[in-house]
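Just so it is clear, A, B, C and D label the chains in written order, and each chain counts residues from 1 on its own.
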Amino acid sequence: MSIKIGIVGGTGYTGVELLRLLAAHPHAELQVITSRSEAEIPVAQLFPNLRGHVDLCFTEPDVKRLSDCDLVFFATPNGTAMRLVPELLDAGVKVIDLAADFRLKDAQVWEQWYGMPHACPDLLAEAVYGLPEIHRADIAKARLVANPGCYPTAVQLGFLPLIEAGWVDTDRLIADVKSGASGAGRAAAVGTLFGEISENFKAYKADGHRHLPEIKQGLSAIQQTPVGLTFVPHLLPMIRGIHATLYAPLKHNVSPSALHTQFEQYYKNEPFVDVLPTGSHPETRTVRGTNGCRMAVSIPQAGDTVVVLSVIDNLVKGAAGQAVQNMNILFNLPESEGLKHIALLP
Amino acid sequence: MSIKIGIVGGTGYTGVELLRLLAAHPHAELQVITSRSEAEIPVAQLFPNLRGHVDLCFTEPDVKRLSDCDLVFFATPNGTAMRLVPELLDAGVKVIDLAADFRLKDAQVWEQWYGMPHACPDLLAEAVYGLPEIHRADIAKARLVANPGCYPTAVQLGFLPLIEAGWVDTDRLIADVKSGASGAGRAAAVGTLFGEISENFKAYKADGHRHLPEIKQGLSAIQQTPVGLTFVPHLLPMIRGIHATLYAPLKHNVSPSALHTQFEQYYKNEPFVDVLPTGSHPETRTVRGTNGCRMAVSIPQAGDTVVVLSVIDNLVKGAAGQAVQNMNILFNLPESEGLKHIALLP
Amino acid sequence: MSIKIGIVGGTGYTGVELLRLLAAHPHAELQVITSRSEAEIPVAQLFPNLRGHVDLCFTEPDVKRLSDCDLVFFATPNGTAMRLVPELLDAGVKVIDLAADFRLKDAQVWEQWYGMPHACPDLLAEAVYGLPEIHRADIAKARLVANPGCYPTAVQLGFLPLIEAGWVDTDRLIADVKSGASGAGRAAAVGTLFGEISENFKAYKADGHRHLPEIKQGLSAIQQTPVGLTFVPHLLPMIRGIHATLYAPLKHNVSPSALHTQFEQYYKNEPFVDVLPTGSHPETRTVRGTNGCRMAVSIPQAGDTVVVLSVIDNLVKGAAGQAVQNMNILFNLPESEGLKHIALLP
Amino acid sequence: MSIKIGIVGGTGYTGVELLRLLAAHPHAELQVITSRSEAEIPVAQLFPNLRGHVDLCFTEPDVKRLSDCDLVFFATPNGTAMRLVPELLDAGVKVIDLAADFRLKDAQVWEQWYGMPHACPDLLAEAVYGLPEIHRADIAKARLVANPGCYPTAVQLGFLPLIEAGWVDTDRLIADVKSGASGAGRAAAVGTLFGEISENFKAYKADGHRHLPEIKQGLSAIQQTPVGLTFVPHLLPMIRGIHATLYAPLKHNVSPSALHTQFEQYYKNEPFVDVLPTGSHPETRTVRGTNGCRMAVSIPQAGDTVVVLSVIDNLVKGAAGQAVQNMNILFNLPESEGLKHIALLP
């Protein structure tokens, strides 16, 4: 089986990571990759790690050529996919959007956080939120998959077993999250220069980050009532990796072993979620370059607060890897196909 | 005025930082620095940044020579100072211990967390906890100062104005703290190799870190009842800097401007604490190499949780700089003497 | 086909990298991995990136169990393999030593640089130096392969086409080489702490590094007369990667295009050596985690000096990857089997 | 004594470093700092490390206000200073240009390397090249000082004692130089993003970097005949620091001790050049944040090549610090005034 694939965008970090994964995927046949700014440049010239693996050149965006594909990935800035997706869907092409255009169900909320009108709000209901651990069945039948954000993936996977268990006060959830600098993308910007990021650490957007409504939407849907969440993102002096440190107040006494069992049971059939033994602290590097999420849970000092530590690679499980996982589901392939990498350590 | 100074230890990162500060201090006269392992080696050979600034050699520990000093700093591992301090105090020498030997008031709690019997528990009551922002007056009259830990400095300074105001539920405080790798010291260890720390991030000791009882002791003393604190430390892939992200549940409605005013008022006369304008996010690099603490406060999404962001340099305000600040107080010098550095940026 | 494999050592960075590669190799069947210090510990506990990929525990070294293997890799400190290799060879096991025990042909030179007597100098003649680009045919027939050092791989591959062409004065070769810190291994040591390596750069062993005689032996053998080489290694504040900047004085005029053609021709059939277009500068990250060597050549300012830029991943083409390449040759497998990774970028 | 100072530019890394140094200089009185893009923004808002130390706001460039200064520093991109300098000199203001506008004596060479016509070629002869170790006397009498480039400072200081001694073949000098990323400035650019620089290493502009003619001009002037130099710059994954590794072929036998003595004698009265003991390897961090240059010399393996290792902080001795040193000379102050910092280590 061979899936004809198009990529719109693809000059950013999410794009090159998608290319790395697809170039080695046994059923992916890369047909076209578009970029206005890099048109006619060989992909492997921009990203020399792909020399010998990807022969394509970037081309001007062209809906006709994209319509010949079975699947189109959008690795574009927010607000781009929504302008092209309706036409592609009409042409029978499946779409996975790695940006945020179809992640929120409420167009008004989307417009408030993303600061522009939505071009096709009617598709929001149809789009399936591509977190396979929750929506696997719906993804399999979808035409349009909204690939989750990086923080929302790490945070939701960490909170889900707790919410499902009903043990914690979901009015006062706290997510203290830290991301590598690649999460900010490959655009030229002073704030992400080496001289600004290295040997430095800071929080940002403590008052409100776009991933907050996405996480609240996901957790509230599971619980079927709204959750209260304080979400503070921080910028790490490293390239890849997200570490979510999650705090939830216990409503009543829970033993550490019951807590651990709940997480293990919840994820026991998941190929990409690994619950570590009690007392562990997951390291971001143990999932670097892989589609895995590793987590550990504890109740420090036998107190009344659960702590969940959850790590992913923001460019893989937080972006391109999850997109490929969604592709596998869409095309009825084994979910781990092309995603069996072992993390580089060190 | 010239203070004759001895340093015990001084081959670690705290030691070299203390040397950097004292070498440029107008009233410090370095007399002796001891190290069993490096005896007879010039200090500037071990630490070439001190070439031309420090002429001393390390010498074998010798209580007699130390007794000729006005002040002795201990930059030793935990458990060393307590064996020598009584003799030095008897000789009329003032002592500042940069390790943990005299930080906790309760010898039993100390022994539980540090895993050894305390050699002079009777001195615990006399020792003054050297956080000048709280104990300035007592430090001025002390013989023995227990220099605070790095995390406890950043965390206590961040929570103090909140506790003083009485606005938050102190049963559910959360301190999510992140430290540069120099906090782990200069001892040979696999866990702090470059290959282990770089391009990696993790929590550690989530179940209980030695700085937890120190912070709880300090905050509880201010509040005069015990506080409840969840404290999760993390290891940053950078050398210097601590960032404490603090969460406290509001007991009732407080406006962001009232919150900000409370912090500004609380610290308005402090030479080393800088409350940033509303909406700021302090960066660790803005205090690198300096004795400053910078902080910002907010109530994200107008919710019911206060977030305090507090940064220090773990080796300066979190160790050697605070020790020099305490020296200035002990010897009635201007508190900023020798501590006026501007942070390197970038 | 399934090759039964034993690993002696394997708790260092070379070891974990070998495990990563072998765990995904279709013909490698890992039977035993020994470590005195970690005996009975699961491999995946020490290296959590291997969770789900390697089920073995470390065991005490045991020649009998190793003798049941088809192939044994030594990922041990220098001086260990030479004590066990004779017995294993007698038992009909093939051996690849990733340390230096069998790299030099002259036992006296070896003893001078490695500071100990050689345990089996008679095997030095038989051992094949495992640089496949030169010794492929001999490797295929070998019992014992001496896997090259990291610097020697990058430097020899860069100089070979020049020496072969006879265009440069080989009395005055210069190799200015820079290595990531993982090259220093995973042993606890002050010099490789994060606090010592990060935000710092220095040369080391400018007067003489153990890889100097290894490089000179290799280049002199090709040229059939001794070469003169100045070799200055430096330590980079990064984990993986070697960059060799090589300088060779031209004996007579050579055009840039002739130079480039010579390199392209020399390596045109090599699966792992990639000569970049004129004007390129290879980046270490483009080979990170892969067995590739990328290089570029130029004659700056149309002068009389050739500059070769050659990069590898010190843990892969400079160690574990080249060892697997040698394994493939030894067992008559396609040379790229299990070595088709694409580098992570960024 | 108080020097009224203006800064043109000052929003880059060189600018903030100049501000850090001048803010603590006892005789510098900062009057005006101009920036078109940041006009009316407080300097300490852009660079929070300066909070409490610099109260000025950026203002629109205004020759009249600058003319009231005693001294104007240009911390602008190449090509800016040359448009304003003539007017300022006419107004009796002294000028130190930290950019390249007045570094080369030959306008044609300048135009070839900098790709634009020179606005005031007649001033090139008058401008004094501000390397105090060579031109101290001329600087003292100058109106216009061309502050040297970062690489040229490290490279020239390293080669000077050799050229002066006449021991080496200056037709075949090699400078393999490595710079921290701050050398590329604070402009938004993909190439200097954290994601591009971190965990990566590469050479750049191996075919010809603008500092090549500057170095050749300086060395040739000392020797009074042209030198031949191969100069290959590399980009280090760190913020600050230059390490020059210099190679020179000996014309005849020289002993290591004679070599070392020549360097020690040459620099024995220099406040900022420190020749390390034989066998040392200078580390960039030992000069971080300081105006020092540390160097070591050797003749590896008793061969025929001298190796000089020379380190500076590219933003201090390679830019802002040397500019302040030149200011001290211009105004007859002690040369180390305001430049006595001790490097942060670690």
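We adopt the following convention: contacts are C-beta pairs under 8 Å (C-beta built on N, C-alpha and C of every residue); 3 or more make two chains touch, one makes a residue touch a chain.
Just so we're clear, the structure is a prediction, and the values are computed from it rather than from any experiment.
Centroid distances from subunit C, each centroid being the mean of CA atoms, peak for B. Each chain gets a centre from the mean of its Cα atoms; for subunit B and subunit D, those two points are 37 Å apart. The geometric centre of subunit C is 39 Å away from that of subunit D, both derived from CA atoms.
Annotation: 45 Å between the Cα-based centres of subunit B and subunit C.
The multi-chain contact residues of subunit A, meaning those touching 2 or more other chains, are 13, 182, 186, 195-196, 198-199, 237-240, 282-283, 285, 288, 346.
In terms of inter-chain touching, the protein chains here all touch one another pairwise. Chain contact summary for the complex, subunit D toward subunit A: residues 13, 181-182, 186-190, 192-199, 237-239.
Subunit D meets subunit B in the complex at residues 13, 16, 20, 23-24, 47-53, 182, 186, 198-199, 239-240, 274, 276, 282-283, 285-289, 294, 340, 342-346.
Subunit D meets subunit C in the complex at residues 172, 174, 176, 178, 180, 195-196, 198-204, 206-208, 212, 228, 230-232, 234, 236-241, 243, 245, 247, 249, 279, 281-285, 288, 298, 300-301, 303-305, 307, 309, 311, 346.
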